[in-house]
Amino acid sequence: MTEKAPPSDHADTPVSSGSEPPEGLVELVEALLLTVDEPLSLEALSTMVGQETAPELLEAALVRVAKRWQSHRFIELANREVGGRRVWHLVATAAVAPYLKAGDPGRVPKLSRAALETLALIAWRQPITRGEIEAARGVAVNPQILKQLAERGWVRSLGVKDSPGRPEMLGTTREFLGDFGLNSLAELPDFERFAGQDDIDV
Amino acid sequence: MSSEGRIPQSDSRRWVDATPRVSGEPLEQLPLDLYIPADALAIWLEQFEGPLDLLLYLIRKHNIDILEIPVARVTEQYLDYLALMKSMAIELAAEYLLMAAWLTEIKSRMLLPPEPRDDDEEEPLDPRAELVERLLEYERTTRAAGLLDEQPRRGRDWFDLSTEPPDRLPAPAVPADLAGLIAAMQGLMREGSVRRAHHVRAEALSIRQRMTEILVALAERPSCELSEVFHVEEGRMGVAVTTVAVLELARTHALDWSQESPFGPVTLFRLAGKTPEPAVEEEMPR
Amino acid sequence: MTEKAPPSDHADTPVSSGSEPPEGLVELVEALLLTVDEPLSLEALSTMVGQETAPELLEAALVRVAKRWQSHRFIELANREVGGRRVWHLVATAAVAPYLKAGDPGRVPKLSRAALETLALIAWRQPITRGEIEAARGVAVNPQILKQLAERGWVRSLGVKDSPGRPEMLGTTREFLGDFGLNSLAELPDFERFAGQDDIDV
């Protein structure tokens, strides 16, 4: 293990030495940006680093951190305005995205059972309302699931039903047919004929 | 740099440092005179995690072989301490007094001829045997605790670093899985919409038992990961039973689940309010 | 946002050019280590970077990443063995702890001896009931301690024991393993080995 210098390192350097931040401070700011999950404001940084470090010095340290990453192909110091305050964070650029995707075979996306059941009900029983899906599945429909199915382009609204509460009716899209290799909904197997014939093998 | 477990180490802290400290100063000698202020003694006593800890301290301090405890001597020292505490009007936890009674009992039994044993074993029962085992177990515990404490710990000795992932991360495409879709509908047909008589096989794993386990898990915390309620060793049967149990609990509104991100972990959470007695037949649900 | 070079940058450099990794590869590996939540094995890196990059080159890139951070006061490339595989991750050292604490005083409460002993018993002796913990420690279990351990996500209920009183059985979580840098409970040394005359002065 490399011996790391103690954290107090930067503290003994004079605080108001112009705007050139001591190396220890730059590294500290960098480490804090990387360790804290959320983007940091100057105030948040100041609370952590200690009030005795002048804000200008902190700002100078941020500039130095930005410089350190400027030539990096995949990471940069980004800042944005949140509620009137500028916050800073180190972000991976879009260039990393394809690699992240490649590296996550565990994330081979699959529909959850709940999503599959919801989609199945929509496909076979369309037009169907959310309430009807809930009745058939016996559990509340997670809005995330409907959102996911809509984002995938498989499910769309068919308008509202003219009944109390005017519930939205859901149905499948043409894209759904295409993605599932179907020419029409009629190609979906007719379950009413086979239902209940097998044993439940649990 | 290649050393094993190269997560940064904390400065190696001494774990079992039984030297009593009063105001940070080590108290090397037993407090023999009565000029020790009572609160100092109380602080000293607080260093101990209980009578087993105090006893172990006495044993270690005098380099006594734990397997050959001179019970008379140790008991005397232990009682001396208690007497000292009492004379200072320090309230002792019941556990300390219980230990005193036990030690005294062992001491008196040591004076008696060994009890004859029913079985054929040659060794007579040592009255100290249980005490020794408990001391050893406690010693193991303190050492295990020390090892845990020395283990580099996330949040104390090292911290995860993370940059924000790119926001233009392409949404993973969900593959269209017609077989899965058909299976899902088939399952729904069986479970709900079309109820027909069907043969039910005996279950080796109790759904009710599993439901209880899940409820208990959720009683402790408001939520848990779905993966936590599955037991890999139970195989497919276990998966089925656990799934049915979760579904049944959801049906009776004892719990609900959520998934923060598509394909992310599923979190089961307790629904606010009562946890109704699950109403389910001991057989398979329809 | 600064325009970053495209990710393909490193790819056009000849792959087998000795063991000197192209700068783009070093930066990519660095970015992946920072962006992916878990420690990465050479295999995982290889899947992400692309199989056409030779393992030796990846290893060389890791060495370069380690070098880049070697002199940093707060960050280092750590590695450990997971199930026979070496995994790598960039971590902040304990040196940042006081600063993080300054930013969030409620953060990381210290573990009392009682809490550590209780956690140790749960870790080594799971499933274990509260009564068994009390027997081993010789004192009553403070409910606050169990609550604290559960809140940190280290301890969970494993259900109730089918014995009088139906006591709850406790065990550790996956998070416990991760936080203590363990890959499995099997990595904990044999509990019985903790007793013995030899090293009584631990």
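Structure notes:
Chains: A, B and C, in written order; residue numbering restarts at 1 for each.
Note that a residue touches a chain if its C-beta (ideal position, glycine included) is under 8 Å from a C-beta of that chain, and two chains touch if they have at least 3 such contacts.
This one's a predicted model, so the numbers in the text were calculated from it and none came from an experiment.
Centrality annotation: C (chain centre taken as mean Cα position, compared with the mean over all protein Cα atoms).
With respect to chain C, maximal separation of chain centres occurs for A (centres as means of Cα atoms).
Averaged C-alpha coordinates give centres for chain A and chain B that are 34 Å from one another.
Distance from the chain A centre to the chain C centre is 23 Å, each centre being the mean of its Cα atoms. If each chain is reduced to the centroid of its CA atoms, chain B and chain C end up 20 Å from each other.
Shown for chain A are the residues in touch with two or more other chains, namely 1-2, 4, 31, 34-35, 75, 78, 90, 92-93, 95-96, 100. Chain B has residues 1, 6, 8, 159-163, 165 in contact with two or more other chains.
Chain B makes touch with chain A in their complex at residues 1, 3, 6, 8-9, 159-178, 180-201, 203, 237, 240-241, 244, 247, 250-251, 256-260, 262-263, 266, 284. The touching residues of chain B, when paired with chain C in their complex, are 1-2, 4-8, 10, 15-16, 49-53, 60, 65-67, 93, 95, 99, 134, 136-149, 151-163, 165, 212-213, 216-217, 219-221, 224, 228.
Residue ranges on chain C touching chain B, taken from their complex, read 31, 34-35, 37, 66, 70, 75-81, 89-94, 96-97, 100, 107-108, 111, 113-114, 116-117, 119-121, 123-124, 135-140, 150, 156-160, 168, 173, 178-182, 188-189, 191-192, 194-195, 197, 200-202.
Chain A meets chain C in the complex at residues 1-2, 4-7, 9, 24, 27-28, 30-32, 34-36, 44, 47-50, 70, 72-76, 78, 90, 92-93, 95-96, 98-100, 102-103, 105.
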